[in-house]
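Dropping the structure in here first, questions after.
Chain nomenclature is as follows: A, B, C, D, E and F, assigned in order of appearance, with residue numbering initiated at 1 for each chain independently.
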Amino acid sequence: MVKVEKPDEFIDEEGKRVDGRDLNELRPVKIEANVLNRADGSCYIELGDNKIYAAVYGPREVHPRHLQEPDRAIVRYKYSMAPFSVSDRKRPGPGRRSKEISKVSEEALESAIFLEKYPKSVIDVFVEIVESAAGTRTTSLTAASVACADAGIPMRDLIASCASGKIDEEIVLDLNEPEDNHGDADVPVAMMPRTEDITLLQMDGDLTAEEIDEAIDLAKEGCKQLYEEQKNALKSKYGGK
Amino acid sequence: MDEEIIAEIEKDYIFDLIQKGTRSDERNLEEYRDINIETNYVKKADGSAKVSLGDTKVVTGVKMETGEPFEDTPDQGVLITNAELNAMASPVYEPGPPGKEATEISRVVDRGIRESEAIDLKSLCIEEGEEVWMVFVDVHVIDQGGNLFDVSMISAISALLTAEIPYEQYDKDPEATSLNINTIPVSCTALKCGNGIIYDPTYIEERIGETRLTVITDSSENIVGMQKGLGGSWTQEEIKEVVKTSTQKGKEIRKTIKSSI
Amino acid sequence: MVKVEKPDEFIDEEGKRVDGRDLNELRPVKIEANVLNRADGSCYIELGDNKIYAAVYGPREVHPRHLQEPDRAIVRYKYSMAPFSVSDRKRPGPGRRSKEISKVSEEALESAIFLEKYPKSVIDVFVEIVESAAGTRTTSLTAASVACADAGIPMRDLIASCASGKIDEEIVLDLNEPEDNHGDADVPVAMMPRTEDITLLQMDGDLTAEEIDEAIDLAKEGCKQLYEEQKNALKSKYGGK
Amino acid sequence: MDEEIIAEIEKDYIFDLIQKGTRSDERNLEEYRDINIETNYVKKADGSAKVSLGDTKVVTGVKMETGEPFEDTPDQGVLITNAELNAMASPVYEPGPPGKEATEISRVVDRGIRESEAIDLKSLCIEEGEEVWMVFVDVHVIDQGGNLFDVSMISAISALLTAEIPYEQYDKDPEATSLNINTIPVSCTALKCGNGIIYDPTYIEERIGETRLTVITDSSENIVGMQKGLGGSWTQEEIKEVVKTSTQKGKEIRKTIKSSI
Amino acid sequence: MVKVEKPDEFIDEEGKRVDGRDLNELRPVKIEANVLNRADGSCYIELGDNKIYAAVYGPREVHPRHLQEPDRAIVRYKYSMAPFSVSDRKRPGPGRRSKEISKVSEEALESAIFLEKYPKSVIDVFVEIVESAAGTRTTSLTAASVACADAGIPMRDLIASCASGKIDEEIVLDLNEPEDNHGDADVPVAMMPRTEDITLLQMDGDLTAEEIDEAIDLAKEGCKQLYEEQKNALKSKYGGK
Amino acid sequence: MDEEIIAEIEKDYIFDLIQKGTRSDERNLEEYRDINIETNYVKKADGSAKVSLGDTKVVTGVKMETGEPFEDTPDQGVLITNAELNAMASPVYEPGPPGKEATEISRVVDRGIRESEAIDLKSLCIEEGEEVWMVFVDVHVIDQGGNLFDVSMISAISALLTAEIPYEQYDKDPEATSLNINTIPVSCTALKCGNGIIYDPTYIEERIGETRLTVITDSSENIVGMQKGLGGSWTQEEIKEVVKTSTQKGKEIRKTIKSSI
């Protein structure tokens, strides 16, 4: 059993968090598009210690066929964690947490894709968490949408995603592991940055209506920063500077 | 085929009504269907509730056993929430292990109970690191008339509110007769259909919804959980409005729960 | 572990059983047809403390298709117990007992249905035991056949079903829990009451040929009483008094 | 297609013969095919039997281990009976976990052993509540020539009759060398085909049967189990007759078992 | 737990092994063809205490259909051990070992069959280990190829298979249980005896290049002896002496 | 369809090149693609390596836990090797439990480690019969560019070479900081295509191979494992040649591994 200890205070007198970040600061991020050869599109992302690969296959034929939709493509999103990606080895195979994350991520991504262009087909998105350090669902989604773009799938916009949360009575951006484990609330958000339409929203914890609004505001800021990184990653692969 | 065309026409009709601010069963957009709660329905369960919301029907049973605590919470009881969408509940459900929909419902109900701290899990510790009470909450949907999140949450908390710890059966000293629940988490689910946002959607309304938002509030009217679902998206303004309305509706539902047990 | 204790005597001097019934008396029964909205037909039954829902879908298309029969409908019967329906929580999912009960119940029900009217289709019967108190397989079958009638499926007759058994050297009707757990034999029977054709018969225990005959006689009596309740439940839904 | 037509013609022929009181292999309606029993066939098993009944072939092995008793029977050994319909046994069987047919066979064989009290489970208690012998009876059908209930029951009881408890292997004091089996449960299976009731049906006869009845009797000729199968129905008179004939046939089979071990 | 003890010496002064065999001697072998009635082809084999049935169905239609190959038959090989075939009861169902053996055996058998004669079809091979005593994978393969011939499947040659290995610094033929459990290396080999083409080869242990060559030489000898037994078994069923 | 025709033409082209002694990426028949090894890639693992061989990509993580030894080896640690062919790695892989291909890879890698005695399992015993270290080696293929056996073996042994036993995490006295690995097993895979035998096949070369042979050698250049795969056959002479070449190639790869950690 590895325990992530709760720090005495999450925020010091100077307003810095345990890892030295400001309240509204993302962890260091690195995004690279087109990193795998077999997949139609792919992306590698690091956010803090998170290390995640996303790959996209499709639009392609649906098997089994009874899953086909006559007038649109379906999206299948598979979030999975390597057994060695977490402190205590995770048994292989999807648990209930992975299933739920896959479902809400699938729905978040669907919103951005012009599904009606590819009737009867499927877009398969596979996400593999190689190292996990709080924020994997949102970070995966950020990578998955870059992989979709890399695969040439027509989209309304990219999906950028990050979480905000509450620690020591403050709303902060992008929780790290001790903040995620011992904080008061976690608010994962995904959006299409151009229109600010929110396509994923979850909340765990205890917040007032005002705090939720504040948390969404902050998450939006984070999403916009990630959006720039996403576009840079795609540009550096496909030129167009 | 014909049946599908009729279904399409019905969907269009329902959608149009909502744009005009009304619904096919004459409810207003924010109005809930009748809630009926029957607790202590299953004698063999430690707590139980049969709940109907309109023609949606759910039976929840609570069973308690003694067992080992989780390694990272040696001084706490264990809460396990399952949802089963019985194949009898809908023509599209199939027998087998929980699919994506059932998994999402069980996890949202579980978080509602857990994050609101409705159950004091520490009070369920028998011997630290060795033995604790395990609380199984099994939510069984037997008629899928829409809005499973809210009705599952209502039936789960109603069953817990009336549950009695089976001390005798396990030869343990009785410390409390019930689970000692101090707050009542209630979920309210909003569905966006064009320009209208409706609450407590029926099965057919859910088929035309673009996007969904469930907000769980506790007795202090704090928000303890949210879950966006379906494709589609919400604006921040809409979310604010849904949070406000859900808090209000949650208060009414909480009243109904209290008066039923 | 909850144990149903064995009573000192199953039958008192006045010939009454532990729950006050006569040897040939059924537990109180309540049957209601058409209780669910999605299903094509449904039924709710209580027999003593047993609480059971049955629902029928069909005749409808068979998936997967290789299960289709070219000249008749197939019946799929799924008996399942809620985890909280028994004293010691039952793990979800069908065990071997449920599988066997589903098989013999399916065959018992098949006998009564004009299957040849619906080639290539399936009649799905789902039974959910909400509370279990001895006699669930027979009580489920009684409910399932009402649900079939409620779904408008053409039948030779309803199937009525109950068990008889042996306790304290006596053959009695409709075993309750202590009788079922500690008795000498259990004989579940189902039949089409009009012709008295027997469509389900099982036996566990130790009986002579004569006792089996007597047990079947008694179970027939029980089935006939249930048959009246089944017809009443259907009448009160569909008029025709 | 042609093959199916031939199969249909063959079925009609067999059915007609039965109406006339005879069978395609010239047996009379109540007659069993030859039974061949070879015990101690598998040296690594604690007991074993290879049994053929006509061209049906079954191998059963018994293995014993020590383990914990069930909570509700702390002073009794544990009996676990499995039946496997190996994919090699028939063109319609597939590899994988036991299906409905295998499950029914294993449960009926298990009940035959259990209800006849062929094994004194209490004698298999090593230390009450702590350690008992677990007896695994694995029935493997390798050629499906019909009447699997009866041949499975014969092979299971034959393997048990010759089984030796592996005391040494588990460092236990030997209390008895064998399982001490006092009664021999035997099942007889009747099949109704039109006006005829036949026993020990072949694979193809089973395809034309309307309904089935298996009756298990013990050495005192009491009935310890019954199982009706297939669609179709029996009259009470027919059942009486099947019970009587099965008791008689069971006696003969029991003799064959005794003389083979 | 049953333990096969390691003997003090594997080979005595007279060059005999623990079971009295010479270094290049097979255990007693018995092969019988056409032993099952339902299967299209079948074989029973005993090699020492190994007792194995093999059955073949096909060429027949493939289900599910997406496994079909347009220009050839596929082979599906299923190796399975009865729970009572080994000293410590084996739980039912295939483990990783069985899966690997099925795969390499399937590939070994494929080499010998004229697959292109039966496009879109499948040849199903089922192997059941009734008693296991070292060498089951090779012995199964020997039986399976007889069952294929018995089913009338056209083949380049039979596949004969046995293992050689290393004990006490010597390369020996056909390891028995103590030699298999405590020896230094195990080399299962299968071949088409007429051409000496090797279709299965595995090795576990620690050998030099020269020892491997020697082990293959020895295994070939064993295969040729088994080949004669295979042919005799087929002849005694189909005459043609 | 068109795509398939192109694929056929490409296969023919590659096959013809090999007959002439060269390859589409201009390697000679025995030449390996570039190997890139990054160890300590995953901080949360006890050992890890990201390895690419051409455009094949594999990440392996090692995790250690304490647990019970197997009954028949009470004084030895436990080694468990899994291979996952992630659905992202190839258009033909699907999510789900390991299939035949993944099972074969995991077993061959496991045997390479085990038979070479790369890990001294006895040194991983904490208390005989009670508690030992369990070493989980999880090989995750994320881009299937061919030759998975060799790259899986390289990444597994690289991750093990850099692994540190998590003594502190489990409150155990540290006896050694690392796994103390004395020999480096390396596998080399040959593929027969017509008259040519090539090494380190790419994904498309594997599609035209008739038969495959993997040879695992240890640091003393002994052979510790072999595995023939695919239909087709080898002559004894060819096997001799492959064993010789693999031993030589293994030496070079071993050098690369050593210089990368």
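Just so we're on the same page, contacts are C-beta pairs under 8 Å (C-beta built on N, C-alpha and C of every residue); 3 or more make two chains touch, one makes a residue touch a chain.
As the structure is a prediction and not an experimental result, all values here were calculated from the model.
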(message) So if I look at the partners of chain A and the partners of chain E, which chains show up in both lists?
(response) F
(message) So which of D-E, A-B or A-F matches C-D, with over half of the contact pairs the same residue numbers?
(response) A-B
(message) Report the inter-centroid distance (CA atoms only) between chain B and chain D in whole Å.
(response) 48
(request) Please report how many Å separate the Cα centroid of chain B from that of chain C, as a whole number. (result) 32
(request) List the centre-to-centre spacing of chain C and chain F in whole Å, with centres computed as mean CA coordinates. (result) 58
(message) Report the inter-centroid distance (CA atoms only) between chain E and chain F in whole Å.
(response) 26
(message) If a residue has to touch 2 or more other chains to count, which residues of chain C qualify?
(response) 1
(request) Follow the ring of contacts from chain C in the direction of chain D and write out the chains one by one. (result) C, D, E, F, A, B
(request) Would you tell me which residues of chain B are touching chain A in their complex? (result) 71-72, 98, 100, 103-104, 106-107, 111, 115-116, 211, 213, 218, 222-236, 239-240, 243-244, 247
(request) Could you pull out which chain A residues touch chain B in their complex? (result) 1, 3, 96-97, 99-100, 102-104, 107-108, 110-111, 187, 191-192, 196-209, 212-213, 216-217, 220
(message) Residue numbers of chain B touching chain C in their complex, please.
(response) 41-46, 48, 55, 57, 59, 61-63, 65, 82, 84, 86-91, 95, 97, 136, 138, 140, 142-145, 169, 203
(message) Using the touch definition from the top, list the residues of chain E that touch chain D in their complex.
(response) 1-2, 36-39, 42, 49, 51, 53-55, 57, 60, 78, 80, 82-89, 92-93, 124, 126, 128, 130-133
